[in-house]
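In order of appearance the chains are A, B, C and D, and numbering begins at 1 in each one.
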Amino acid sequence: MAMNSAQIAQPSLSVQIASLNLKNPIITASGTFGYGEEYSGFIDIERLGAIVVKGLSITPKKGNPPPRIIETPAGMLNAIGLQNIGIAVFINDKLPFLRQFKTPVIANFFGDTVDEYIRAAEALSNANGVHALEMNVSCPNKEASWCVFGTNPETLSHVVSMVRKVTRLPLIVKLSPNVTDIGLMARVAEDSGADAISLVNTLTAMCVDINRRKPILANITGGLSGPAIRPVAVRMVWEACKAVKIPVIGMGGIMNFKDAIEFLIVGAKAIAVGTANFVNPLATIDIIEGIEKYMIEEGFTDINQLIGSLKI
Amino acid sequence: MSKHFPVEIISNSSINQQFHLLAVRPLSEIIPPEPGQFYMLQAGDNYDPLIKRPLSIFNYYEMRLEFLFRTRGRGTSYLSRTRTGETIHLIGPLGNGYSPPNGDFIVIAGGIGIASLMPLLRQFNKKAVLFYGARNSNELLMLDTACELARKSFISTDDGSKGQKGLITGLFVDFIESNPECKLLPVYCCGSLPMLKTLSLIIESHNMICYASVEEYMACGVGACLGCVVKIKNDEENGFSYKTVCKDGPVFELKDLIWQ
Amino acid sequence: MAMNSAQIAQPSLSVQIASLNLKNPIITASGTFGYGEEYSGFIDIERLGAIVVKGLSITPKKGNPPPRIIETPAGMLNAIGLQNIGIAVFINDKLPFLRQFKTPVIANFFGDTVDEYIRAAEALSNANGVHALEMNVSCPNKEASWCVFGTNPETLSHVVSMVRKVTRLPLIVKLSPNVTDIGLMARVAEDSGADAISLVNTLTAMCVDINRRKPILANITGGLSGPAIRPVAVRMVWEACKAVKIPVIGMGGIMNFKDAIEFLIVGAKAIAVGTANFVNPLATIDIIEGIEKYMIEEGFTDINQLIGSLKI
Amino acid sequence: MSKHFPVEIISNSSINQQFHLLAVRPLSEIIPPEPGQFYMLQAGDNYDPLIKRPLSIFNYYEMRLEFLFRTRGRGTSYLSRTRTGETIHLIGPLGNGYSPPNGDFIVIAGGIGIASLMPLLRQFNKKAVLFYGARNSNELLMLDTACELARKSFISTDDGSKGQKGLITGLFVDFIESNPECKLLPVYCCGSLPMLKTLSLIIESHNMICYASVEEYMACGVGACLGCVVKIKNDEENGFSYKTVCKDGPVFELKDLIWQ
C-alpha cells in the first residue's frame, strides 16, 4: 500500500512562458490581487506560479470617482480608473515585500501615450525584482483615445514594437476581448515582438439605475468580469492559441480548477485568477490542488500533456 | 490580519420582517474582531449573487460571531434563509474599527447602524451617552440592550412611535448645547448618509471629534480591488485622495470625509 | 377615491418602429419563441407588441447535431444551427395561425449567400401576414464564410442594400455583438437602407468537457445568451442608439421589467425577450405589466418620455 | 396543453443520500399529467442555475404532484434543499407520454428510470411484467411499490446486492426466450443509454415494439428552442430528422432512435 501510493509520482505542473519558468501555471490577474500584500495573510505567495500586480503607470493615478463597482448576474462590473501608486512608489514601497518570495513578479503597466508606455517599461525593466512585464493595452474603462491601442491593429503594433525596443524582460501583451477578430490581434502582438499574450481583459459593459435614470458607475461604462464571461473567454483563448506560436495566458471567469482546466485544454500555457480572489481568497491554491488531483486521476504526469489537448 | 473560514449557522432568527440576527460558530481558528470591524459573508450557493456581503460584527464571544442585519436584496435574503447546521464562508475580521475611547464617549446610531456600534457599547459598559434614532419603533433594534449598556440614552423616531418625534441629530444638538462640557467627548457614529451629513455640520460647528463608520459597495473587502473608495481630505493634488472603506475604513474621522 | 384612481390614466406604451405601430415595446426574440404556437397556451399573443419568429431560410435546415445547448453561469450557450422548416412550409403551416392575432409578425431570416438572403426576403415580403423582416446577419454558430456579413462593414453593407431593394416591408437588421465597433456597424446598416436595427445577438463562446477533453457543443462554439450578457448588451445598445437615427430594438439577457427599462432608458425604442421565455413563459407579460406600473409610479404618461431618458 | 404555475412544497424527503422524493401542491389549477410526461422545475432562486430542470411525473393525485429524483448537480441539489411551505414554479405537464397499453405489457426500468414508468404501473395495475435493474440495491427505488403494482417482477443489480447479479437486459432476454408468446407485448422502458442501446438490439432481433423515454439537455421544455433534439429515422434527406425530446418525445419508438 505504502509502495503503491509512493508509485503515484507528483505530476509536474511547471510551465515555461518565454524565459520565465513557473512552478505551476496559476497566476493572479492584474488588479485583483493588489500588490500581493493584501492576500499574503490568506495564502502562501510562494505557492503561486507567478504574481501579477495591479496596473502601474509612470505617474500615480487617482482613479475614478465612486461608484466604481457593481455586481451583475454571475459577474461584476468595475471602473476603477486604473488607480495606482505610480511606478516609483511601487519600486520603493511594494517590491521589497515581493522580493522575499521566489515567486516571479510580473508588473502590469499602461500609459496614456506611447511615450508613457515606453517610460513605464523602462522604469520597470530596471527594477530589481520585476521578472516580466504585462502590457495592458485593453483597459476598457478609460475614455482617452489610447483606448484604441488594444482594439486597432496598427496602434497595437506600434505601441508593442516601441515597448519591445526598451525592455529585455519577457513581454506579455494583454489583449482586449472587445474586438471582432481576436486571432488577428494576437498575431499582431506576436509579430510586434511580444513574448507571450494574455487574455481576456474585461468586456466593456454598462448598468443603469432605473430610478435615477443614470449609469450606475460614475464612469458610465465598466469592465465585466467573473464567471458570466468565462465561455466567451474560453472561446477567445482557443482562437488566440490557434493564431500564434508564443505562449498564451488565459483568464476570464476562472472560479475553480475545472474552469482553469478548460483554458489549459484549449491551449493556454498558464491561467490567471481574477474576480475569484474576491469571492475566495484561497481560490488560487484550491485551483493548484484541484489541477494536481485531476492530473493524477486522469493519468497525466506533466501538465504540458494537458495543455492544448482539445479533441475536435 | 484576517482569514477566510467556514462557519456553521447556530441560529438565525428574524427580529421582525426586515431584520435578522445571525449567530455562527467558526469551524476553524479565528482572529478576534474589534468593535467597528466587519466580515464579508457568503451571499449565495452558486455564482448569483457572486460577491460576498459586508456586515459589521454585532457581537462576539469565544467561538460565536453574531450579525444583525436588514434584509435588503438578494444577498441578505440568502443569509436570512440559511438554516441551523448549514455551513457558509466568511472573510474577516476586516477594516479599521473605532479607535477605543479613553473614558466617556458619545454614540450616535441611526437604525441598523447600531449593529456596528454595539460592540463598543459592550466593551465600554456604562461609559457612553447613547443617541439612537430610527424611522420608527420597528427599526430601533435591540433598544433595551443598547440602553442598558449606555450611561444615558436619548431615543427618537421620525414618526414618534417611540421616544421623541424627530431626528436624532436634533436631540444631540440640544444635548451638547445644554451640556457644553460634553463637546470634549469623542463621538462614534454609524447611520444613514443624511444623518452623517447633518452630523458633520454639527461636529464642525462645535469643533468636536467624530468617528464615523461609512458604507460603500465592496468586492474584495481586503483593499485589493480598489472598488470601495470614498474621498478623504488630504494635502494631495486637488485636496483629496480616494481611500478604501474596507481597509482604510470603514471608520474615518467625519471631518475628513468629502461627500459626493 | 374612485375619482382619484380614474385620474391615473393608463400610460401609453405604444411605439413606432418604421411604419410598424406596436401597442407596446415588448417583442419576442427570434429562436426563443418558436413560431408563436409553442407559447400560445401560456400567454395571450395579442398582448405582445410584436412577435418575431425563429430564423427562416429559403430551404429548410436540419440544424446541428446534439448537444446543442449547455447552461453557463447565469446564461446558456446554444448552437442550434438555425434548424428551421423553410419559408414555404412556414407560410403554409405557421402563418395562418399567426394571422389570427392583431399582433404584428416579424419574420427573422438568413441565408448562406447574398442570393439566398434576397430570395428569402422576396418570399417573405409576398406572404400575407408578415409585417416586417428581421435580417439575421450575426448568427455566430455557423462556420460558413457568410458569418462575416455581420462583422465586416463591406459585406454587411452589400447584403443589406441588396435585400433593401427587394422588400418594401420595414427592414430590421439584427447586429452581432462580436465586433470592435458596434456604432460603426449600426451606421453601416442605417446607411444601407435598414429601417431599424436590433441587437444584440448572442456572444460567441465555448465550453469544454474536461473529462472527455472535447467541446461540449457538437458545433464547438455557440452563442451565449441570458442575464450574464445583459451588461454588455446594454452598453452596445447605448452605443448603437448614439450612432444612428433609426429605431433600435434592444435585447440580451432581459429577464424582468427592470432589465427592460435599462434598455429603454439608454434609447431602445423596443426590447426583445429571449432566454427569459424558457425560464418563465409569462416573462413578456410580466414585463409589460411591470413597465406599466413603473411608469405610473414614476409619473410617465407616454413611454416615449422614458425612451432615451439617460442622464449622463 | 401545459402551464406555468406556482407550487407549494408539501414534503421533501431523502430516500437515501442520493435520491429524493418531492411532493408539491399546485397553487393554481393544473392540467392532469399522463404517464411518461414531465415537468420543468425551478432550479434556483436567482440566475445561477438559470434553466429549469426536467423531471418525470412520478405520482399524481388531485392537488399533489410527486417527483422522484437523483441529486446530480446544482439544480437537483437546490430542489433537494427546498423546504415545506416554500414556493417554486413549474412548467407542465410536458411532452408525449407512453401510448397506453391495450392489455398486458412489459416494463423495463433502469435505476431512477422507474420514476417515469411508475405512473404507467399504477394506471394499469397488475398488467405489467416488470424488469427492474440498477447498479446496486440503493438504486432500486420504490422497489416494493413497483413490484406490488406489477403482475410479475424480475430484479437485478450489477453487484448482486439485490435480485440477480447482472444486467436487467439479460433477465429480459431469458424471459422472452422462455416465453416467446410475450414478444407480442409492448415494451415500455426508461433507463441509461447503455441499457437502451442493448435493449434496442434485443428488440430488433425479436421484432418487438418498444417505447423508450429518452433524455437530452433542455432549455424551454416546450419545443421552442430546438435545443433537445435526438436523431429519429425517417424518409427525409439522409434518412433522419432531428426531433425534440421535450415535445415530440420524451417517449419514442426505440427502433426509430439513431444513437450518436
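Remarks
Note that in this section a contact is a pair of C-beta atoms (placed from the backbone, for glycine too) under 8 Å apart; a residue touches a chain by one contact, two chains touch by 3 or more.
The shown structure was predicted, so the numbers you read here are calculated from the model rather than taken from an experiment.
Under the touch definition stated at the top, subunit A and subunit C share these contacting partners: B, D.
Leaving out subunit C only, every other chain stays linked by touch in one piece.
Centres computed as Cα averages put subunit A at a distance of 46 Å from subunit D. The centroid of the Cα atoms in subunit A and the matching centroid in subunit B are 36 Å apart.
Put simply, the C-alpha centre of subunit B and that of subunit D have 53 angstrom between them. Annotation for subunit C: residues 73-75, 226-228 touch two or more other chains.
Each of residues 46-49 in subunit B touches at least two other chains.
Shown here, the protein chains touch in all possible pairs. The touching residues of subunit B, when paired with subunit D in their complex, are 44-49, 74, 78. On the side of subunit D, the complex with subunit A involves touching residues 46-48.
Residues 72-75, 77, 151-152, 178-181, 203-208, 210-215, 220-221, 224, 226-232, 234-235, 238, 253, 258, 261-262, 265-266, 294, 298, 309-312 of subunit A are the ones touching subunit C in the complex.
Remark: subunit A residues 73-74, 227 touch subunit D in the complex. Across the complex, subunit B meets subunit A through its residues 1-4, 47-52, 89, 91, 216-231, 237-238, 241-242, 247, 260.
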